[in-house]
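Both complexes below contain chain A, partnered by chain B and then by chain C.
So, the complex of A and B:
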């Protein structure tokens, strides 16, 4: 769930922008090198950007909370293209969603980049990398990466909401309430993301192993 | 397949006066309105912004249903904010609902925040329905946004339509083969569809990228925006004046 325009206080909105722009700058620098060295990777970059856009725009209502939940797509992008590149793609997807569907916002763009693009990508890729190091199969490692990236995205969003909305309650209690409210819808979605991420990576590995060889995936 | 009519970008090509305003002016005005909206401590500033944006939305001539749909997400979130603030924000208790005390001050703060969310959402909607993406990209280039960033926006936008067309074709084909007849089949079909979609769109993208390269197209859309017209200057002056008045009102107001 993306934080909408106008919700965050101006100091928090600006505060989330600082690390988000640092990650985005690093992602764009990495992407620039990739596009320069391999101009033929443009279709893959565009495709993954579109993929993250579509997947993170599938709204599922959260009962009791009055808002919506959705899968992320950034863990898969991170597994295929690397976490920094996935941050840049996630940031672009978030910007286009804000402009075309008012899903998210411009002032909350930094906060949303940190939760979905940075959190989803780095945790998803980190879990995938760790599982592969521990000897897990490609499908299992990718699937668990998808699951972890999805859950962490919502944990970060809940923290950002708790920081903005806790009032006289403690931040921890508000975080627990927000995160707990997301879970009934987010756990099934995270499991769906597990199967989907695993399925796509395994399918591509079977049909076009040559394609994965040139990416960040090391089967 | 253009497909642009499936989102606000299709309407942004209309001939309304709002669509004709230079995107640089609109971007600067949007930045100003959003900052002032966040600085607001009373309901007056977001209420004025929301009213101004509703007038501009009417002038944009985009279909009302589409505009209402776009504002639906911020509006539903606004309801959540009122509810959460009524419980968490504190103040005098006016009712009890199960284990929760409902606070009057919290509810008022929630209503203020929800007005700010709706006003901010309307500002973004107005920009979205009145500015085609390619003109927005030219404006971003003019504001010195990194070329790679602008290129990724354009690539993502292009592949959205390829992906959409391919997805519906493959989903219908899978349905005709009873791929979704049970939960087990559905799961297996979704995984297969995801992988096949990825490869098909990728290969289609490679072909179209090669074709574009042969035609001499560069990675980023060429071109630049023309000089500002009188309409642009008028719009810039009007929005700057309104932003300044609202900024003064926001900074002088005493919060609740």
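So, the complex of A and C:
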């Protein structure tokens, strides 16, 4: 999901910045309010911030295929803290990665925020919320949120790449080629993210249900 | 105990499968994104005045991973720790009291 520097035309890069900054502004405002009103949520915010940073930077190998890719971590953060707060955490992680870790770029920061931070958080949280409304168990709902957030992140990245690099081909064909190339590596990682997200949410609900009462998860 | 054994067995299986796969282990950021860019005749550019070359990249990744790992561990213990410090203090306190006793 890390689109590097220079691949997006400047007008498209700027265009992705506009909604990304709107989401980031709303996320930072929500985060500030949360820390003021619920100081007890600070450790969970710190934990999720560090977690999203390290997980989305970590290249995870896929045995058999011989390729590596990154999980997202933002669906879990969104389920535990709410999607807007997760957007803020994801955006900060992506900025650090672009500045110091040669992953992503400054010009592509807006596009990367929209795919991993906004897409991963809102789709992950949305699927979790919907599954809970449909009566799914906490672990299943959280796991499917993690899976969907991961896949959608790469679907959005594929669209951004297709829009920028389709050349003579149609955008749809380029999107399909990009998404189809991501998926063999990403599906195993999304399944791993399903189990991890499910496990952590269930663990938090069992060990510290008090943390979740004032937050976004209702066990 | 059983859960720990299952996790350990899965970890060993995963590492074995990784080591058993012969590959260059290229990332999808390189293969997919790089492939599309090459096809479109577009190249990555460098906007920042610094670049991670050689072992500097290894150092930065190790340092970043360590700092983030410490942060995760610290906050995890704050939230979910069973109070190992308290347990140590419980064990140590009588001994300290004994030492101070005349």
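A few notes on this one:
Here is the rule we go by: the second predicted complex is superposed on the first by the 210 of 219 C-alpha atoms of A that agree within 3 Å, B and C clash if a C-alpha of one lies under 4 Å from a C-alpha of the other, contacts with A are read in each partner's own complex, and residues count from 1 in each chain.
What we mean here is this: contacts are C-beta pairs under 8 Å (C-beta built on N, C-alpha and C of every residue); 3 or more make two chains touch, one makes a residue touch a chain.
The shown structure was predicted, so the numbers you read here are calculated from the model rather than taken from an experiment.
In the three-chain model built by superposing on chain A, chain B clashes with chain C. In the overlay built on the shared chain, the residue A:176 is in contact with neither chain B nor chain C. Touch criterion met: A:167 reaches chain B and chain C at once. Look at A:130: by the touch rule set out above, it reaches neither chain B nor chain C. Contacts of A:186 after superposition on the shared chain: chain C is touched, whereas chain B is not.
In the overlay built on the shared chain, the residue A:207 is in contact with chain B and with chain C. In the superposition on chain A, no contact is made by A:21 with either chain B or chain C. Using the contact criterion defined above for the overlaid structures, shared-chain residue A:140 touches neither chain B nor chain C, since it reaches no partner. In the superposed model, A:101 makes contact with both chain B and chain C.
Applying the stated contact rule after C-alpha superposition, one finds that A:155 touches neither chain B nor chain C.
With chain A as the common frame, the single stretch of chain B that clashes into chain C is 115-123; none of the other options in 115-123, 133-141, 223-231 or 241-249 do. Shared interface residues of chain A, touching chain B in one complex and chain C in the other, are 4-7, 43-44, 46-47, 49-51, 53-54, 59, 65-68, 96, 99-103, 105-107, 165-167, 174, 177-178, 203-204, 207-208, 211.
Interface residues of chain B, counted against chain A in their complex, comprise 7-9, 30-31, 34-35, 37-39, 46, 70-71, 73-74, 76-77, 79-81, 83-85, 88-90, 106, 109, 113, 116-121, 123-125, 127-128, 131, 133, 136, 146, 148-149, 151-153, 155-160, 162-164, 167, 187, 190-192, 194-196, 198-199, 201-202, 205-206, 208-209, 219. Interface residues of chain A facing chain C in the complex, by the touch rule stated above, are 2-7, 43-44, 46-47, 49-51, 53-54, 57-59, 61, 63-70, 96, 99-103, 105-107, 161, 164-167, 174, 177-178, 181-182, 185-186, 203-204, 207-208, 211.
Residues 4-10, 13, 24, 28, 31-32, 35, 39-40, 42-47, 49-51, 53-54, 59, 65-68, 88-89, 92-93, 95-96, 98-103, 105-107, 165-169, 174, 177-178, 192, 195-196, 198-200, 202-204, 207-208, 211 of chain A touch chain B in their complex.
Looking at the complex, you find that chain C touches chain A at residues 14, 17-18, 20-29, 31-33, 35-37, 39-48, 51-52, 57, 60-61, 64-65, 68-69, 71-72, 74-76, 78-80.
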